[in-house]
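Listed next: structures, encoded as structure tokens.
The following pair of complexes shares a single chain, chain A, combined with chain B in the former and chain C in the latter.
Up next is the complex of A and B:
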């Protein structure tokens, strides 16, 4: 709880700093506060202890996810120094909204009551609606923000209906009591309970952009400012999957829910990997890549075993590292290309900045799941888990989809290593260079020694 | 409080469930088919309120107050959400001078 309070107060402090016009202090203060929260989590204070009238409990699961999200946010803040350097006003609000969103993410990993699940989702989403529209004068940003808002509240309505139905059957919002009820009635659930868990699953799959609820993904990713896109693809997805895992294990996975998730997984895998082949805008490509990874993560969720939580953690964290690095490289290349986002802007990257091109290659290979990178271990473990869970055909399908997916990552790598007719001038600040290299090295190191995280 | 609960219970629970499903569907249909954004926002509110009704009814029938507390949270969050939504709407209105959702097509759906 102390970390939760620290982060929300930190958001307000950052806002005040912005009010005083101290632009240069924003990111350092934010980073210090985030590191403070990380330390607080590991002091063990308020850990494994029911908080807020037994509605929240920070256990090992949530602390692992929260630390991963804090690390990613710190990386994004370091990137933010350069990203927001040219922006004259309202910089503080961006940092503060990201911090507020992060508190919602904390709640999502640690809830033990459906009320907190709802509040967490909303605290996570509402700042994001604003952040997506961060470029006030840009039409695309406004449209992205508006679409995200409309579809997001639409999903929230479904999600609430689901909670109400579950409450109607079990007479409680408490996860423990609902779980008891589900275990007692396993195999002969009332239709209201099944409908309720289906609706909640729909609401959550909206947040993780699983097909057929993925339509907002590519549009919002393309329209939102790149830093916010990176935040959405990493922190938000991690938090939503942690919440999804807690919810699914609460319902005890009735047959109907498991079938629904299976269909969702197959459709998501197909759309994420096959539709992506037609994309030439790098941000949209990353959006489809994000959808594809949602598919693999859903597969891990399907096979509920004791290892699922660990798997989800490793997968989301390594995915987030690779994604953050790539979005920073994109921003740098985009600047050199006057705002163009086509994958051709990477052309000539190797000649201009060899190290940057190599790291980009490593990050893309990790997303594609090539051996020796963390992405490979993550995918391998998910497949293993699915086979153990008895989903043999699904795994075969997923492997084929993963192989198709490699194609579009390699397409980008090829661009980066093709010499351009005229050299491109990419400026890299030391901070950005550090973050990108860190992501690249971490992705390889975690691929070689996965035991660090597993 | 007890009188209200008894009054609520005079109507069978199924009727409440049915009514709120109907309200929810009306809201859903409106949100999907209307093109005016303000009306879409109203339809979303209708969906939220049908959930509120359902929660209040369940709460009375289970004699459990937590359902009613949830209703307050939903109202609060819905208000916060609409505040942000209207602000975004104003921003959109300035950019394209219309509140029609069909304008939202520059990014492909």
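Up next is the complex of A and C:
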């Protein structure tokens, strides 16, 4: 709880620092505050009690996810120093909005009350609608912001309707009470309860970009500033999946809901992996890759066992590490190519910056799920879990989709290792180099010693 | 009371239909205001005075005025409805029909709606709303301040006039002074 307060106050402090007009102060202060929050979480690690009339509970699950999100945000802030170096206005607002968004993410991992779930989703989203339009002179950025805002509002409306329906049946927002009700009426749920949980699932699926609610994904990922895209693909997805897991495990997953989720998983896997084959813009490619990973994560949600939480944590964290690294590499390559985002800008990367190319390869291989990287362990665990849960055909389908998915990752790797006609000049600041290397090394280390996190 | 309920219900439904069917956006907005007022009437019938007042002040007052401003500023008062292609219309009809079928199938055996809690006449009074807001729902109440703060920051960030591209090289502070 104290970490939540610290982060929200930190956001305000960063806003005030923006008044001083000294941009260089912003990221260090933000990072210090985030590390402080991490420390606060760990000093309170074993204090697990419901707070504020059972609104939130910062249990082990929530603290693990929150720490992962803090680590990712710190990496993004380090990258931000360089990313925002050229930007004159509103840098403080960007950092502050990301911090506010993070407080929403904390609530999403810790909620025990549907009302807090709703507030968490909104606090997470509203700063993102704004951040997506952060490049005010770019039409694409404006388009991304507007699309995300409109579709997000629709999703929120469904979501709120779902919460209202559940409240109507159970007379409580409290997840414990909802669970009691669900267990009492197992097998013969009232239609209102089913519809309610379905609508809540729709709202959450929108946030994780699961098909058929994924249409905003590629456009928003492409239009938003790269740093914001990276934030969306990592922190937001992690938080939304943590919220999804808490909801699904708390309502005990009525059968009708699990059937819906199964269909959504299949469609998401198909779209994420097959449509991605036709993409040549790297950001859109990453968007489809993110949709594909949503499919695998949904599969983990389907088979609710005690291990699902651990699995989700490992999967989202390693996915986030790889994604952050790749988006930084993209930004560097994009600068060298005058703002071009086609995957061909990676051509000649190995000749120009061998280490960078190798790390890029590792990160992409991890996303593809090649053995010895963390991505492989993550996918392997999901498949194992799904088979244990009795989803044999789904798993077979997912394996085929994962194999198809490898193709487009390898396509990018091939570009990176093809020599370019003319050499490219990629400038890397030490901080960026450190973050990228850290992501690359971590992805391999976690792939070899997964027990560190699992 | 029963008569009032049916009166308000009829007004809400008719005005809501008019919101969608009206050609001119201005008429649409006026109909929406009528709809909101009748819904506020429902709240008062349920003894939820606080909700009724907030509903009138926020929705009918603030948001509708904003709507009107936007419509007038954008000069949308003539019916500038984009023409939809035949394919879109057919798709919309099919989608709507499928949705209707699904709903009908779902409620075929009747909707069993038994209130989980009996009606409590005092629940909507200002006193009980305030008490629950500051006792049970203190955390959501406080946390929503972050939501509004970020929305305000965002509105300022997106709406603030940027210095022209040529003046972009100078730091922000002198530009602000010039405006002052």
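Please note the rule applied: the second predicted complex is superposed on the first by the 451 of 454 C-alpha atoms of A that agree within 3 Å, B and C clash if a C-alpha of one lies under 4 Å from a C-alpha of the other, contacts with A are read in each partner's own complex, and residues count from 1 in each chain.
Convention: a residue touches a chain if its C-beta (ideal position, glycine included) is under 8 Å from a C-beta of that chain, and two chains touch if they have at least 3 such contacts.
Computed from a predicted structure; not experimentally measured.
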Exercise for review: Based on the superposed arrangement, let me know which partner A:219 touches: chain B (first), chain C (second), both, or neither?
Suggested key: first
Practice item. Identify the partner contact of A:154: answer first if only chain B is touched, second if only chain C is, both if each is, neither if none is. Key: first
Review point. Which partner does A:168 reach: the first (chain B), the second (chain C), both, or neither?
Key: both
Exercise for review: Determine, under the contact definition given at the top, whether A:119 touches first (chain B), second (chain C), both, or neither.
Suggested key: both
**Study point:** Touching partner for A:130 - first (chain B), second (chain C), both, neither
**Key:** both
Exercise for review: Please indicate which partner A:241 is in contact with in the superposed arrangement: first for chain B, second for chain C, both, or neither.
Suggested key: neither
Review point. Is A:89 in contact with chain B, with chain C, with both, or with neither (first, second, both, neither)?
Key: second
Study note, to complete from the structure: Intersected contact list for chain A, partners chain B and chain C 115, 119, 122, 126, 129-130, 133, 136-137, 168, 171, 192
Check your understanding: In their complex, what parts of chain A are in touch with chain C?
Key -> 8, 11-12, 15, 21, 51-53, 55-56, 88-90, 93, 96-97, 100-101, 103-104, 107, 113, 115-116, 119, 122-123, 126-127, 129-130, 133, 136-137, 168-171, 190-192, 195
Review point. Once bound in the complex, which stretches of chain A touch chain B?
Key: 115, 118-119, 122, 126, 129-130, 133, 136-137, 139-140, 142-147, 149-150, 153-154, 156-157, 160-161, 163-165, 167-168, 171-173, 192, 215, 218-219, 222-223
Revision key, fill the gap. Chain A partner, complex, touching residues on chain C are 106-107, 111-113, 116-117, 135-140, 143-144, 146-147, 149-151, 153-154, 156-158, 160, 162-163, 165, 168, 171-173
Review point. Mind pulling up the chain B residues that touch chain A in the complex?
Key: 17, 20, 24, 27-28, 31, 37, 40, 44, 47-48, 50-51, 54-55, 58, 62, 64, 66-67, 69-70, 73-74, 77, 80-81, 84-85, 87-89, 91-92, 95-96, 101, 104, 106-109
